[in-house]
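Notes follow the structure.
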Amino acid sequence: MLDDALIPEGAKRCAFPIFIIGIIIVGAVLLWGVYAMFLCWFKGLNQTNMNDYYGFALWIWADLAVIAVGGGAFFTGLLKYIFKVDDLKNIINFAVIIGFICYSSALLILAIDIGQPLRGWFIFWHANVHSMLTEVAYCLSCYFAVLTIEFIPNILENRQVNKVPFFHHLAHNMHEVMAVFAATGAFLSFFHQGSLGGVAGVMFGRPFAYREGLLIWPWTFFLFTWSAAAFGPCFTLMVTKITEIITGKKLVGDKTVNLLAKISGWMITTYIIAKIIDTVYWAFVTVPSMGFELGHFYSNNGFYGYWILITEVILCGVVPGLLLINKSTRENPTTRTIAIILGVIGVCLNRWVMVLQIMAVPVMSFDSWALYIPSWQEVATTILPVAYGIILIAVAYRYLPVFPQELELNEPADAAAQN
Amino acid sequence: MVIDLDKCTGCGACMVSCMSENNVPFKEDESDKKLSITWMRVYKLTNGKSFPEAEIVYLPRPCQHCGGIGDHGHSPCVSVCPATATDYGYDTGIVSQIYTRCFGCRYCMGACPYHARHFNWWDPKWPEGMENYLSPNVSPRMRGVVEKCSFCYHRYQLAREQAIVEDREIEEKEYQTACTTACPAGAIVFGDLNNPAHKVHQIVKPDPHPDPMNHKVVGKSRNPKVFRLLERLGTNPKVYYMSDREWVRKAGDNYLKGEWENVKTHHGASSSHG
Amino acid sequence: MKIDRRSFLGLGLGAAAGVALSPVGVKLTDDSSIWTQNWPWTPVPEDGKITYDRSVCSLCPGACGISVKKINGRPVKIEGLDDYPINNGGACPHGISGLQYLYDPARIKTPLKKNGNKFEKISWDEAISLVAQKLGEIRKSGTPESLGLITGADSGSMAQLFERFMDAFGSPNTYNMPSLESNLALTAAALHGADRNLGFDLDHSDFILSFGAAIIEGWGSPVACIQANASRRERKAKLVQVDYRLSNTANAADKIIAVKPGTEADLALGICAVLLAKNLIAGDVNTSAFAAMLAKEYTPEKVEAITGVKAADMEALAMEFIKAKAPVAVPGKGRGDVGQSLREFAAVQALNALADRLNKKGGVFVMYPADYLSFSENVMDDAAKQGASKAKLAGSVNELVDKLEKDGGLSALFIYNANPCYALNNPEKVKVAMDKVGFKVSFSSFMDETALRSDVVLPASIFLERLEDVVSGGGLAKTVVGLCRPMVKPIFDTKHPGDALILLAQAMGDSIAQSFSWNSYDACLEQVTGKIWDTLSGDGYVVIDDKPPVGTPATDFTFLASAPKAAVPMGEGDYTLVPVDKMRLAVGSMISSPFAVKIISDKVLSGKYSVVEINPATAGILKDGDIAVLKTAMGKALVKIGFNEGIMPGVIGMPRGLGHAFNNPYVAGKGVNVNDLIGPVIEPGSGLDAAFGIKATLSKA
Amino acid sequence: MSELENKANDGPEDGAHHGTDNGPKDDKGLGLGVIFFMGAFLVCFLSGWLLFPKLLYSKKEQPFNFDHKLHAEETGDCETCHFFREDGTFSGIPGLQACMECHTDEPMGESEDEAVFVEEYVAKGKEVPWLIYAKQPDCVFFSHAAHTVAGGMDCKTCHGHIGESSSSRPYEENRITGYSRDIWGKNIWGIKKNSWDRMKMDDCAECHLEKMGHKGYCFQCHK
């Protein structure tokens, strides 16, 4: 094959042309997104269907969602490097790559979303310390840097690059100090995941979003961090599963998978308990004090009903939680996969509610519900990161030793037979 | 600012006066009000009854210039702006905005329950020659930034310059917003709420103490006919509304079933500590 | 030598490091953001010295005083003028938008000549000589009376100047567009004698009984009326609104009397009957034929049957009215201009007369028109004398349209301050009538529906560019003459219509030229207003009178005694379509500004659809926001359904002032012109178009 | 044969040589790298410092030379020409009308600037299109009254010694932003020595913080 020299030693990869064709197909989608992106930059945000009621819409949801699911990276990293859960070494690389993709996408989307991209840096230069968004911006960019650093050693392990002694040693040494970055990363993530929750929680003009809290942090701050830590691994596992299906190879050992699933399961369960408590308190204490009944937020409109609350909390929260903490269901691939998928849906739904439903709910007694359908430009720019992610994963998988267990898990049949 | 909703006829003079005073642009189709930049917007409320019992009221809505919870100056929008492009003037109580600082994240719009903030989705464009009527006292905005009512701050600035060269204080009549001066019904009264000599103060009689029923609220009116929009949220707006009609006053905020009956009689803390 | 990876690496790193350590990065980052703050396509208004000039707005009969803010002489803002006797400080959305009319690129920028179906630019000299030559031919042919004039204004020097031209030319065929002023004048003529105006002293009345008059939505002098309403609340004076929908005025009223559309006159007469029956009327009216007619035709039961107002309620209302200290009854549905009937106006005025409210404080003033103009004797040659003495083609502009459409009769037509091809009911018919006229000259400032059909356009400078006397009208209980002053030199190659007329007259030579011997309109104005010019030019206005006229005028009830029939809406349908006047929408010859269009509610205009008010109770299968087909005997239109609890079941309210059809994307091509759907119903005896509405059907599109 | 494989083949030996850091080819390679680094660094570094500012700013001459010194001596103060209007607003650069209060349509001196002034502007009744060094962008509201009258500040604090200059220096405009160079400051890094070297918002804020104890609110200086 043309690119043999770059492929990790002993690893089997599909034929180069097939690989390229795949890339081209996904690349087409990518270009579509890029086109939409430039439309928004040059013609302005009138290209979207956002309006003065929907200042935040699909993009911000996508942002929160990818960051939430990208949370797998910091949490896995935390467990691996700080709590020394060594089994996770088999999936940590991949977790980091996914995190890298999610966070780079998030930054890209933000760059499209703001009305004046060339002034974007004001958020750092003229920072307002009271704003959750400032916190987000700082932590987000810092953590992205961290992820990049965490990603580099893996890149350096490429067969060719690694032959350069400098890089070889660099990679090695970076592995040594990775714990430090993991710690930093975990810390940063804790904050910006939280801040993203804070973004909604502090809006005391929006009863649907507003939450009381601890010191300057509304409860959503902690719930977001927690949910990211809980559902992030789900996403990591889901993507792993998908990669395995596509490559037709086992890439991560069941032991590791189950371990991560178990941890995730417990996180989800604890999170959802907290979430339920929060919701109940909000529904029966916070909101009534502002003159609203719970029903106000789930009626008199064409889309948002109680179903969304139930789906998020019960179907995509309690259910996956229980499925993953229960040994039998966890170790049964089918139920495990179902749980994982439900989990990912759950967290995305939560972010959706915390962005779009907030905007939709009328606050002034004489105002009315505002529903919104994104324009194709918004959709395209939202799919862009997905395409970009697929390509990056494909390339990384093809040329980097992402999965330490790949070889052992995929020994030639005869060898396997002998053992 | 106090707006007498019983006097307001919904003629729209305030809106137009505001737009021409503040160089607000216009598009070919402005019928989608969610995309229509109107610093001052007049809402139409109905009592839900059928003709001839039906009643309506027009409610002009400028920026409410909120003081935030406890009136400490952390307005819903100000506290969230990441780039300090909007801030609270502790001297005037007016919420400022720098259009050239704003980079268009629109967080403030999400945080404002009054929809008083508007985004420039398009480049402002005036038909050829019409840019001739633009006023130099307010800078035209560019695409991609948020704008809102400024209580005609530039009028304050001009009045102040004159007062400075004449070495005296600004008089009540010298600083009036464009909507106030335009209103043919005289429904809008503007002035310094903290100045007992000013008409607004005399109408509102704001209660300096926190409301014993809700400590987030400060400056509640002691006048039974006067109310503020969404007062219970603790945004503490500087725009007060006045009406003889109970259903109108009730529409100003949200109440649980039966709650209104208890609160309607409660005005400011005047009852508890005069 | 071999350039390998490392060399490239070095090159790259070196360049990066070099740039990083230079100011380039920092400076460009800053400059790029500053660039976005000063985009060259974002206008930067010129700063300078601030001045304020006073003038008068003549967009509508309101005649408000305005203050124009200028920067280095450049107008930037219009506001109400403090202490002006009509609007003291107040303003309306249209007046404030004045500058948008001034700078509007859609204005007619030069004189135009119709060539085929295109207009071509011509010079003023060409234009004047062209018109002069055409008119000359008409005079030669010995039929000067075949020159017609359709105008909106019927007061002030401009109106008289046009009149003078028609006389000097030799034609009696001057027609006014229907306006509240003309309707009130007709009423006065029918009840009290010719050449009178009616003024309603709302400021001092303690009980205003409005028969559908949109007192705070543009009726009469809009700002003055809004202020009267505001003061009414403070005076605790009552307002009772007779209406079939919750207009803003009805909403502001203390009480609403719901009547079936078009039966206001019957209610008024019913009340008169009650007063007579109860012997509450002074004087000898009781024995008159009118009294007899009332006693016979307007028994409470009959009136209840017609109007839908309970007999008891009507009697109560009558008592309340007569017992009030200073009651006044106000006629004129909506703005009181088009679609009015003399019968209705007269009935309401009769009520005022019976209640002895004529020339009383807080009542109705029967006033003589402001007489402050003194033109020199008009020079008329024989041709002119003969022509002018001929009978008019028709009694009213509506009848003129009929006449022209059927068998022509005019060889030339002037149009000034009027847009009949839009503002009259069934504009299609008006257009056909116009086409029957050989030569049409428009003095419009904008290429409106009528100007589009004319052969020559002599573009008029707008009120901010011209000097003119503006007389208060619109049912005000006082007469004020204000001076409209030029705030800027004409922006385009336009002229004061007065100057255009003078040039034209002089180009025609002979006696006409002698009648127009001034060298400019400004000179003319100064001369003809000689009596008051100094005060007028000094203070900017003159109050002719604001006190109740002395004595009580006689009232002649014969017109009403003849029991004129009420106009019945045309066609069939489950619904009655009625036009609705909105303060934010300009009507008649005036076109809304972009600002005015911008502030229209989305319950009035939604995208390109007019939204019609309909009571949910009678909406049938239609839902709020549906697109529906509205069909009448005159035509059909696509409209959006707007549920409105505030309108009487069975009635459809459609905003008036939309659906303009000319080239201005900001104000035209929006919604439907309600007049397209309503056919004129000419009232015998007055020639007014009394169509208050029309029967209609609605079906889902 | 593919580029990649090519690399792949000589890759190892490179690596080997590096491992043992010797061998002429290797030195040469490394040396080359260093040379290229230095070269590129110098080129970019110097052009960033020297060439870039030249490219960034365009130089414009005033319509004709104006002698502040002379005028100041004649009138005795700044206020005669740069006066406050009745409403308290500041007149800024005087218009032709103001000049004509002293000047006539006859040149007052021999200088050719005088001649240009009379022929080009006085005769044609045209305003002189002065280029304003201290021109602030449209978004800025600056009250001269508040600073000089109320605050008692000296013109020099912001405008420097322009009043004592007898010749008008060229006006430098930033090609990207259209700002006068005086706003960012002569120094390309925007470093200032005197209070009048720079007129950016930070400079206003700095002084406000010092004098008023607060940087001020948006609308205080923005419109």
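Per-chain residue numbering starts at 1, and chain names A, B, C and D are given in the order in which the chains are listed.
Simple rule for what comes next: a residue touches a chain if its C-beta (ideal position, glycine included) is under 8 Å from a C-beta of that chain, and two chains touch if they have at least 3 such contacts.
Since the model is a prediction, treat every value here as computed from it, not as a measurement.
Enquirer: Which chain would you call central, comparing Cα centres to the global Cα centre?
Expert: Centroid comparison flags B as closest.
Enquirer: For the pairs A-C and B-D, output the one whose chains share more C-beta pairs in contact.
Expert: B-D
Enquirer: Roughly how far is subunit A from subunit C, centre to centre by C-alpha average, rounded to an integer in Å?
Expert: 62
Enquirer: For subunit B and subunit D, what's the span in angstrom between their mean Cα positions?
Expert: One centre to the other, that is 40 Å.
Enquirer: Using mean CA coordinates as chain centres, what's the subunit B-subunit C distance in Å?
Expert: So the centre of subunit B lies 33 Å away from the centre of subunit C.
Enquirer: With centres defined as the mean C-alpha position, give me the subunit A-subunit D separation in Å.
Expert: The computed centroid separation for subunit A versus subunit D comes out at 46 Å.
Enquirer: Specify, in ascending order, the residues of subunit A that touch 2 or more different other chains.
Expert: In subunit A, 116, 119, 122 touch at least two other chains.
Enquirer: Using the touch definition from the top, which residues of subunit C touch two or more other chains?
Expert: 32, 35-37, 44-45, 50
Enquirer: If I count partner chains per residue in subunit D, which residues reach a count of at least 2?
Expert: Within subunit D, residues 87, 89, 137-139 contact more than one other chain.
Enquirer: Where on subunit C is subunit B touching in the complex?
Expert: Those residues of subunit C that touch subunit B are 36-37, 39, 41-48, 50, 69, 71, 74-80, 87, 89-93, 96-97, 99-100, 102-106, 216-217, 222-223, 226-227, 229-230, 233, 245-246, 248, 250-252, 256, 258, 491, 583-584, 594-603, 605-607, 615, 617, 645-649, 665-666, 670.
Enquirer: Applying the document's contact rule, which stretches of subunit A touch subunit B when the two form their complex?
Expert: 44-46, 50-56, 113-117, 119-120, 122-123, 125-128, 130-134, 137, 199, 202-207, 288-293, 296, 358-359, 363-367, 370
Enquirer: Within their complex, state which residues of subunit B touch subunit D.
Expert: 85-92, 94, 96-101, 136-140, 150, 153-154, 157-158, 160-166
Enquirer: Considering only the defined contacts, which subunit C positions touch subunit A in the complex?
Expert: For subunit C paired with subunit A, touching residues are 29, 32-33, 35-37.
Enquirer: Which of the residues in subunit B end up touching subunit A in this complex?
Expert: It is residues 32, 34-35, 43, 45, 59, 69, 74, 76, 79-85, 101-115, 117-123, 143-146, 214, 229-230, 232-235, 250-257, 259 of subunit B that touch subunit A.
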